[in-house]
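Working notes for the structure below.
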Amino acid sequence: MALPIYASTTQRVWHYSYLTICGLIFFFLIAPILVIIPLSFNAQNFFTFTPEMLRFDPAGYSLKHYNDFFTNSDWQLAMKNSLKIAPVATLISVSLGTLAAIGLSQSHVPGRRAIMATLISPMIVPLIISATGMYFFYSNPYIPIPFYGKLYLPFTLTGEYWGVVLAHAALGIPFVIITVTATLVGFDKSLTRASAMMGAGPVRTFFRVQMPLIMPGVISGALFAFITSFDEVVVVLFVGSAQNKTLPWQMFIGLREQISPTILAAATILITVSVILLLVVELLRRRSERLRGMSPG
Amino acid sequence: MKLTKVLMATSALTVGAGAAFADGHMASDMTIVSWGGAYQNSQLKAYVEPYLEANPDVNIVWDESSAEAVAKLRAMSETGNITWDLVDVEAADSMRLCDEGLAMEVDYDQLAEGNDGSSAEDDFGDSIVSDCFIPQIVFSTTVGYRSDMVGDTPPESICAIFDTEMYPGKRALNKRPLANMEWALLCDGVAKDDIYDVMATEEGQEQAFAKLDTIKDDVIWWTAAAETPQLLADGEIVMGSTYNGRLFSAIAEQDQPIGMLWDAQMLDFDGWVIPEDLPEDRLARVMDFLYFATDTQRLADQAAYISYGPARASSAPLVGKHAELGIEMAPHMPTDPANSKNVFVTQYDFWADYRDDLDAKFQAWLAN
Amino acid sequence: MTDTTSQSGPMLAADGTPLKKSLHRAQRRQKVRALMLIAPLLLFILVTFIAPIFDMLLRSVENDIVPDTLPRTVVALQDWDNASGEAPDEETFRAFYTDFALAEEQKAHTRLGSRLNFEMSGISSVFRSTGRDVGKFDTDYYTDQFVDADEVYEDPVQWSEWMADDGVASALPQTADAYAGWVKVLNEEGDDPLDEDIPDFVYTALYHDLAAGANPPVLPSVDVSGWDDISLKEQFIDSNEDWADPDIWATIKAFSGPYTAGYFANSIDLQSTPEGFAQRDEDERIYIKLFIRTMVMSLAITGMCILLGYPIAYLLSHLPARKANLLMILVLLPFWTSLLVRTSAWKVLLQNQGVINDILVWIGIVSDDNRLALINNANGTIIAMTHILLPFMILPLFSVMKTINPSYVRAAKSMGANDWTAFWRVYFPNSVPGIGAGSILVFILSIGYYITPELVGGVDGVFISNRIAYHISSSLNWGLAAALGSILLVLVLGLYYVYDRVVGIDNVKLGG
């Protein structure tokens, strides 16, 4: 992207204005995040930059919203629930998703395209449709049996912990499928054949040969699935209940019903966590490239 | 027939509750539905925290969904999965829920007597607007304005909402017909006593919408009562409707440059309803809580946190000073004589019958 | 002969089976194994995701509530001519009285009123107000008359014995029917019919049976010939004059089947009239407008994403890997930050007294009393959603641009093309697949958006999804929500199909 030394003036002007435009777009991308962080230290109970804050007067800043986040039982409950729901949902999507991705990567899978389309659909179907469908169906779940009708199951999932977990697992699956199949595309099939020739069974081959190589894809799929559950609000609002409210639920309420800057404190904490997760993904990616013997670049 | 049913239900309930008390089979979890914000905080401080102190094994979860209570309870009953235990609603909504069999009919003898020995039913008096309603407070929907944006002539009449020449700028109104339509007709020259008769007719409804049309472009529609104080604090609007307690909090506690109107404010009640068909142990817990939370002292305590009048007659003399600021609360109540020179009493039964109709019309009007 | 056959026959595998067959079997085994690996997930998705969606879509045509709540009225109305301009006859009102009284007992009349109000505004209040009156109708006159004639008519135990008698039941069809309906309601509520007073409408039915000349065995005989005949039609009209309005009855009749096309008609701004479906009044048409708005705004958002995403993707694909990866974090960070957080940040930034307006006023681009309206309208939705969906444009663009061989552009330049021509004629056409992939993805995601328009869209920046949510959680018009949802789903799946054909689902990329 460097400018050649022989560049003309027009090229120079064009080049630097292009870089400025890119800079502005990057600013557009992170401006909302930048605005959240200082506001979360607001000493007032409103979402506004106060004159004190603009003067950098220490009196305009406080940690009270963080304090509220960590002491308020509603926020703590939400935090706890999020941490209880997201990992389990992730585990389900990752384990089922990885198996299916491996199955899909074999040659001659009948109806591959249709299966793939079905498995990716939770990402594509508008959330409001998924959420309302799940809300009704999970209230009185049934198994449709041809020529018999509906066999109702003797339990309900709406408002229950497992309802939210299953719903989130379904929403996380496309991400796992996408990332794992992407790593499998680069997977050298002769490795499994070699392993089979040397006498390893399919299970052993999977854990000793395939798994380590697709691990980066699995982990990044898992992170996506985790963040999907951790950040999901529409389905939780419908399928969940106040007892198993998650952080996004509490934030949504915070935005709509009681405008409290505590959500900004919560947001800042979440942003910090996101940055850490992103760095983890980047490190994993580098590791994967090293493993596969590709040079970075 | 109705009576026998009520009696039977009551006796079943008393027996059930009695047995539950004896065995200690009260559920330990309770989901309370309320309005969020300053109001929910007053409930928390006045009786939820004291109750939890006395019952440390109880776990209370809040759900800030009162604005959608009717819809959600209908959905819950339809799907047969009731996750709420106690719901805070307005008078008209309690009537609708009662009419639809979604809320339980209450036996007032199970509630605490007034501290003057009167029965709960007498103590609550007229505020019991339906058989399912356990009143808590009297509140009013009124208008707050940004005092630094109205020049030297702060508004004195509710019709300032419609006066965009005198008071240019955005105004925030509730995204539902209630209050807006009454004010529209009032400011369009309909006499106060005739408003609900006019509103029952098609022409009257059109008249109200026509009046609202004149300010449609200047309105930000809110769905949560906390939005108006936020918008006023940000200077986003020049005036907006909300509940008088929210304005009090913004003015007195948050020190914002906000003034409020006491003109044609819509007087209304707010209180608890219990969803129909609660399991016995959860019902027992709810009744135990309600006995405590709606007694004379607790209702008076609530007034120390927010400027709403207690629904019990016996609580009124106990209303004292603000819990933190130490100012007298009585003059800030919607029931104070100085504030109630020109009140507008909401006709709950009209709204119970017409809410579906007018909601649909209002939403169609908004979308066009 | 046999020798040659064996030689020209199929090649054999080590175990003696023909090789072709063996290969086939191996391939089949592989297929089965692949399917076994996929099956658990497929099943999981079918049960937790696909089934719920189908279940919901069925609600768009279901209409059980009318025939279930008013079974007798629905039958009686079949003979009524809705073009007659008059309310139905007394007989229909009798059937309606029994239905309505039973419904009121279960408090189902309010729900039915709400349901019919979706089709004809105003019905709900009619049902509700009459619900309060129906227990106070003058029909208690019949009750008193029967009990005066013989006290045994007051005894619920006696009644249950009478009604168990086949002879009585067939002689008194209306009475038996009303009584059976009442017992059913009591049983559902857990009450014992032997302890409850017989309601007025059962006595009313008994009167009508006897007046029609029935001669039941067992029951003490009562001569009803001199009794007053109370018109139920008048009773209803006294309670609410709208019961005389034939339109209400036409609506009930039009929606008396267990399935209805009414919700779909509603969702494209049609309404049912006695002459069939017709377009709604100009000021009541909202859904087609909303669908169009959703599409137009999604297009605008997609356009903005291309405009902002292209330079960034170009920059990233031309930087050395380390720098690109660092900048990529800036792209991904918003992607990984809670949607709600970003939306609330836009609230703070965009409002009238917000950061952006403050800066613009400070620079002097806009005057203080002329601040831009950037939120609570379509602008707010477009800005906030462009921001939210931008990474979905940048990532596919980036992965396509990575594959464009830089020597093409060099070759063009060496042949005399200037920078612009080289870019526009050579580079850009090569990047079009990336634009296509990103655009479809962004468009698909944006037409289904709900949360962001809800929070920053005000009244004219909301999408069809917000309307669906409103009908699900506020107006409880689930049928209409399902119909609108079906239309939206068809749109999305259509685009999804195009995406699959053009780009291939396997080629969706997330991250580098």
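Odds and ends about this structure:
Just so it is clear, A, B and C label the chains in written order, and each chain counts residues from 1 on its own.
To be clear about the criterion, a contact is a pair of C-beta atoms (placed from the backbone, for glycine too) under 8 Å apart; a residue touches a chain by one contact, two chains touch by 3 or more.
A quick map from chain label to UniProt name: A, C = ABC transporter permease; B = Extracellular solute-binding protein.
Computed from a predicted structure; not experimentally measured.
Contact tally for A-C versus A-B: the pair with more C-beta pairs in contact is A-C.
Centroid distances built from C-alpha atoms place B farthest away from chain A.
The central chain here, found by comparing per-chain C-alpha centres with the mean of all protein C-alpha atoms, is C.
Mean C-alpha positions place chain B and chain C at a centre distance of 30 Å. A straight line joining the Cα centres of chain A and chain C is 27 Å long.
Centre-to-centre, using mean CA coordinates, chain A is 39 Å away from chain B. Contacts with at least two other chains are made by residues 47-48, 135-136, 256 of chain A.
Residue positions of chain C with contacts to 2 or more other chains are 353. Contacts with at least two other chains are made by residues 75, 234 of chain B. On chain A, the positions that touch chain C within their shared complex are 1, 11, 14, 18-19, 21-22, 25-26, 28-33, 35-36, 39, 47-49, 92, 96-97, 99-100, 102-104, 106-110, 113, 115-122, 124-130, 132-138, 143-144, 166-167, 169-170, 173, 175, 178-179, 181-182, 185, 202, 220, 224, 227, 231, 233-234, 238, 247-248, 251-252, 255-256, 263-264, 267, 270-271, 274-275, 277-279, 281-282, 285, 296-297.
Within the complex, the chain B residues that touch chain C are 1-2, 4-5, 8, 68, 71-72, 74-75, 96, 99-101, 170, 202, 220-221, 234-236, 352-354, 356-357, 359-361, 363-368.
Residues of chain C that touch chain B in their complex: 106-107, 110-111, 113-114, 117-118, 121-122, 124-125, 128-129, 131, 135, 191, 195-197, 199, 283-284, 286, 289-290, 351-354, 376, 458-459, 467, 470, 473-476.
On the chain C side of its complex with chain A, the touching residues are 27, 30-31, 33-38, 40-42, 44-57, 59, 308, 311-312, 315, 318-322, 325, 327, 329-334, 336-349, 353, 355, 387, 390, 419, 444, 447-451, 455, 465, 468-469, 472, 478, 481-482, 485, 488-489, 492-493, 496, 500, 505-506, 508-512. Residue ranges on chain B touching chain A, taken from their complex, read 29, 31, 33, 35-37, 40, 61-64, 67, 75, 79-81, 83-84, 223-224, 226-227, 230, 233-234, 254.
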